[in-house]
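Here chain A shows up in two complexes: once beside chain B, once beside chain C.
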Partner chain A sequence: MKSNDVILQTVANIVLFIILMFSVFLFFNGHHEPGGGFIGGLMTSSALVLLLLAYDLETVKRILPVDFKLVTAAGLLVAVGTGMGSFFFGAPFLSQTYDYFHFPVLGELELATALIFDVGVYLVVVGITLTIIQTIGEDR
Partner chain B sequence: MIQGLLTVSAVILSLSILLALYRVAKGPSMPDRVLALDMIGINLISLVAVVSLIQETTAYLEVFLLLGILAFIGTVALSKFIEKGVVIERRRD
Partner chain C sequence: MTFQIMINLLMALIWMFMNDAWTFASFISGYAIGVAVLFFLRGFFPQRFYIGWIYAVVKLVFIFLKELILSAVEVVGQILQPKLNIQPGIFAMDIDLHRNWEVTVLSCLITLTPGTLVVDVSPDNQTLYIHAMHLPDIDKAKEDIRNSFEKAIQEVSRT
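On to the complex of A and B.
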């Protein structure tokens, strides 16, 4: 039986970008309010799961040709790298710092090195959840 | 006054969730249960909103959007499982 999923695919094409923007918002919100790398990564992977539901496994692999095991490895490398980076300044492992910078449009912003550790957490969560889902979804 | 009204609406929303739970437990067919679970998700959003008004905090604002997105994706996945038998297809014809 040939089925027609035009409503689901049209809705998924629009909602995908809303969910991705929400995940980026949660990721950058995590320093002072609820949010952070873990929930941001889960929202990004749920957006890609919606894409997997609306289309199929090979289409998603074609439009997003990323090996998610490598994403997990890159995230772990970033997280360890922020820990090791504090050695260059004579500080203990995983110690963090922050400073205020001035940007042309955004104004004064507080940038912390904990954000780079959060990038590592984000990449690990996205990589692991999508590796699990793609591995289970392959029925052969 | 406002607190009393909010408490009453929270109780009404809880009753609505209980009625939907009865449909989940009793429902004769599978689509009944899926629709009742979707309704529970939407009612939970309202309940969290009322609770955040009662506690006078904005810490739950992300939870509304999160619950909406998760209820949508869960309902789509269950519907696809009922219709086609697989959730994620390998190759669409």
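On to the complex of A and C.
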């Protein structure tokens, strides 16, 4: 007899978006406050793991047709690319810089190249976590 | 409901545009005028006027708070008694709710009020299996849930 997961699924549909927003918040806070690419990536993965718990593997694959091994590769490429980018300015490998820019609506913002490296970290963490979980989950 | 709220927000935005006043106060005044206009033209919408829906949601929240306090007092009374004279039991209750979120909200409300606890939902979402701490009268317990929570939830989802 299959149990009815209606309560878990309905709550997961709502909580998922809160967790995802929180993970993005953590990701962008990493420069001056606790947070960053690693914890943001883990948060995003945990939101997707909640989906995997509430539904099953096939449903999540249909919602998110992403090959997470490619996500890992893309993240590594971004991280290495930021390191390579410093060569164009005659700086040593993986050196970082930041500056303040003025945007028409948002006002004064600080943009740092470390953020792009953090995007790479974020993608690698999401990719690896979900690859591990999906690989374990498929073995029945 | 959503459509009416969107139109109301749009009216508030237009009001801010016309006055060229980008403040929160001007947004509030525009929204209030939008509510008045929507109330005047409420016959055009297939659904009911959305302020009534908001009132139903607030009423559900207050019913929940009242039940929470009452049942917490009851549980404290049970704990402080030197002798336990409770009759636990599980009963099935047929519900007249159809959407997933309604079943979820009803189950959460029943679970959060101490003394009763949702154990399982039947596969067709039409029966809840509820465990009660003290169950002298099954029909009375069912009626309590019906009159307090289920009616309020039906009021929220009424179109």
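Keep in mind that, in the parts below, the second predicted complex is superposed on the first by the 139 of 140 C-alpha atoms of A that agree within 3 Å, B and C clash if a C-alpha of one lies under 4 Å from a C-alpha of the other, contacts with A are read in each partner's own complex, and residues count from 1 in each chain.
As a convention for this text, a contact is a pair of C-beta atoms (placed from the backbone, for glycine too) under 8 Å apart; a residue touches a chain by one contact, two chains touch by 3 or more.
All values reported here derive from a predicted model rather than from experimental measurement.
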### Task
Have a look at chain B and chain C on chain A after the superposition and call it: clash or fit.
fit
### Query
Given Cα centres, how many degrees, to the nearest 10, is the angle at chain A formed with chain B and chain C?
50
#### Entry: chain B versus chain C as contact partner of A:Thr135, first or second or both or neither
neither
### Query
When the two structures are overlaid on chain A, which partner does A:Thr97 contact: first (chain B), second (chain C), both, or neither?
neither
### Query
Touching A:Tyr55 in the superposition: chain B (first), chain C (second), both, neither?
first
#### Entry: Contacts of A:Ser3 with chain B and chain C, given as first, second, both or neither
both
### Query
Taking the superposed arrangement, what is the smallest distance in Å from a C-alpha atom of chain B to one of chain C?
11
### Query
Once the two structures are fitted together, what part of chain A is touched by chain B and by chain C alike?
2-3
## Note on the structure
Per the touch rule, the chain C residues reaching chain A in their complex are 100-101, 103-104, 107-108, 118, 120-123, 125
### Query
Where on chain A does chain B make contact in their complex?
2-3, 8, 15, 19, 22, 26, 29, 33-35, 39, 43, 46, 49-50, 52-53, 55-59, 133, 137-140
### Query
Taking the complex as given, what residues does chain B use to touch chain A?
59, 62, 65-66, 69-70, 72-73, 76-77, 80, 83-84, 86-93
### Query
Can you name the residues of chain A that touch chain C in the complex?
2-4, 6-7, 9-11
